[in-house]
Amino acid sequence: MHTLDELVQHFLRFPGIGPRQARRFAMHLLTEDESANESLANLIRSLKTTVRPCVHCGRYVSYRTREDLCSICTDTHRDQSTLMVVERDTDVTAIERARTYRGKYFVFGGTVPLLADENAGKKVRASALKALLAQNLETVHEIILAFSANPDGDNTARYIETLLKEFQEQNPELTLTHLGRGLSTGSELEYADPDTISFALQNRK
Amino acid sequence: MHTLDELVQHFLRFPGIGPRQARRFAMHLLTEDESANESLANLIRSLKTTVRPCVHCGRYVSYRTREDLCSICTDTHRDQSTLMVVERDTDVTAIERARTYRGKYFVFGGTVPLLADENAGKKVRASALKALLAQNLETVHEIILAFSANPDGDNTARYIETLLKEFQEQNPELTLTHLGRGLSTGSELEYADPDTISFALQNRK
Amino acid sequence: MHTLDELVQHFLRFPGIGPRQARRFAMHLLTEDESANESLANLIRSLKTTVRPCVHCGRYVSYRTREDLCSICTDTHRDQSTLMVVERDTDVTAIERARTYRGKYFVFGGTVPLLADENAGKKVRASALKALLAQNLETVHEIILAFSANPDGDNTARYIETLLKEFQEQNPELTLTHLGRGLSTGSELEYADPDTISFALQNRK
Amino acid sequence: MHTLDELVQHFLRFPGIGPRQARRFAMHLLTEDESANESLANLIRSLKTTVRPCVHCGRYVSYRTREDLCSICTDTHRDQSTLMVVERDTDVTAIERARTYRGKYFVFGGTVPLLADENAGKKVRASALKALLAQNLETVHEIILAFSANPDGDNTARYIETLLKEFQEQNPELTLTHLGRGLSTGSELEYADPDTISFALQNRK
């Protein structure tokens, strides 16, 4: 295989990219300066050594403190008693954009799909979550399971509930909550699906 | 204007129908049997005399009891203490499809948009709502304001709250509720807007 | 079945209309004046007696001459030697909009699909086309087969070529032509399919 | 700016990629093996030295002959008398996919838009085209201008016609042709725009 094809193969692995776009990316790089490509190549080469996960929450950040913590985990003004478990980094971005949540985060690193096998726990940061809780058992009072409102998200929440049963037995004050379901902003009642309507009725106030 | 054009003009008034589709509908009727068109013509001619609104909830139904009530309003098994106010008939259909709500309905007949003038109340069934409540003041304990999650829906809910203040003063047990907001079924957290996320956080359990 | 449902059933037969839109149309008519509905009902009832096909080209027109001809067929300024056969009325509209063609038309009334049976000729105006040609054998020199660029359109063109073989034998000057294929306006070469490209190459000038 | 942001900035320059996808690409690379990223980085670094344009047609190819020619330009079985000028490499791919054209190519490297200034010729391979023709004046008999069917494509064709006027004067047998316009495969006559219809009528046979 030749260089152009090899490069296209790499781009085909990018999320959401098909053959036509992969080829476009390769052609695009052919029109860029050599210095721009050199710069991009260096960023890609050094990415995994320069961008490391925060040892508490798991978010990938370019800059960490001496203790290898990210800016949110080091922020003493955040509410230490609430921990929100999300699937990935971009979920943290979405929550932060709402400017409402003042607690801490934990990036689970993936979901536990409905048809998961017994190795499911290794593909996500299950052990790291237990370790973090073990260290903070007195501080954390609420764990918000903030996964997407779909079967895999629901199953992941159930998985974590089972995972953390022992912690709840050790600390009866520890509650696990789920983000509320209901009508999303802008939605018309006429087009809402039965499940959303059921939740919206339950959550009425 | 000729017949074909006049017919197209009528179809242009149908919701969501543009010139191309309006013309298509006319051409379609030219390919139908004369008896099918006769039947359609009769249904349209007699529509407003045959399909009358239920005198309580306002839904358009083909069949009403002797008291001019629809099947839901006559159903004694429904919860008489809860009244859900919706914008239009199709909202009732959506709620019923969820098979969760067992109370009664009131079709408001429209919304009160943000830029409404003082005649806004006449374009919706404001007086009929007050009259219905006046007749059922002891029975009704909860009024669920079930409008779409957008500015006009929110404003309509506010309008009704003001409208029904006097009833709440007369009957302190009467509560007004709103359908819960939050993540709709199938939505991914990553793409949820800040408002929806804020509501989902508030409604967590 | 009740009136509202019967009406919805009729609207479900309209081209491209599903259950939700059919119901919307019915609700829309409930909000219209009784006089508007009366007017629509009358137009639909009298449609097939008022809007008759032109006896030459078959187009549905509201106004015909005493000889039951449409305005295009009566227009002596049109080129009598060229006859364009199209699938339906709306194709005539599309061709006329280009303001280029000065000949006459014949609406075939449908296509002859690839999997058509021996009754295919009865579902389209095959006999009427032969009759029209028989009457105008000296006048018509070119018949343009103007069908859509898809398998059914191609098959219909082939069907007509076979149908009119005898006329070509009687009149060697009679030619049958097809609309040219190639790049359509606005299309980018990069996305053109192989067939279109082959035709575009053949038709280059 | 930190590494992750710098990398996202590079991806933002990729054609058709917005902030969300750019960030996704960066996160994707964080989940890849270091060896995969090393490989990608090397391919990007060496791209412009490894993938060079063919000195005749200008296509970017990984493998060139000793004379720096691509496989099409070296192929003696191709028709040396026909040269097709296209906008970019991907157009060659589209034409080759049709398996119809047996001539040679020239990649113009861009278009000459309607509002181009006098430097327009430098942004495309105008000089290279003239040089190639000068070398092959007896061999080339037809130049097919194969640009997209839009205003910029049309203008580019006109620009090249002017550019090559002198060659046509030197060699009266040299003809310039354009790809045929008309109905593209699968299109329905009813929806064809007036220009396409006009061309289809002109190109009928």
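Points to keep in mind about this one:
For reference, chains read A, B, C and D in written order, and residue numbers begin at 1 within each chain.
In the analysis below, a residue touches a chain if its C-beta (ideal position, glycine included) is under 8 Å from a C-beta of that chain, and two chains touch if they have at least 3 such contacts.
Bear in mind that the values here come from a model prediction, so they are computed numbers and not experimental data.
Distance between Cα centroids is largest for the pairing of chain B with D.
Inter-chain spacing, taken between the CA centroids of chain B and chain C, is 41 Å. Spacing of chain A relative to chain C, judged by their CA centroids, is 56 angstrom.
Residues of chain C found to touch two or more other chains are 88, 90. Contact topology of the protein chains: cyclic, one closed ring where each chain has exactly two touching partners. On the chain D side of its complex with chain A, the touching residues are 2-7, 10, 13-16, 21, 23-30, 32, 34, 36-48, 50-51, 60-63, 88-90.
Residues of chain A touching chain B in their complex: 86-88, 90-91, 93-95, 97-101, 144, 146-150, 153, 177-205.
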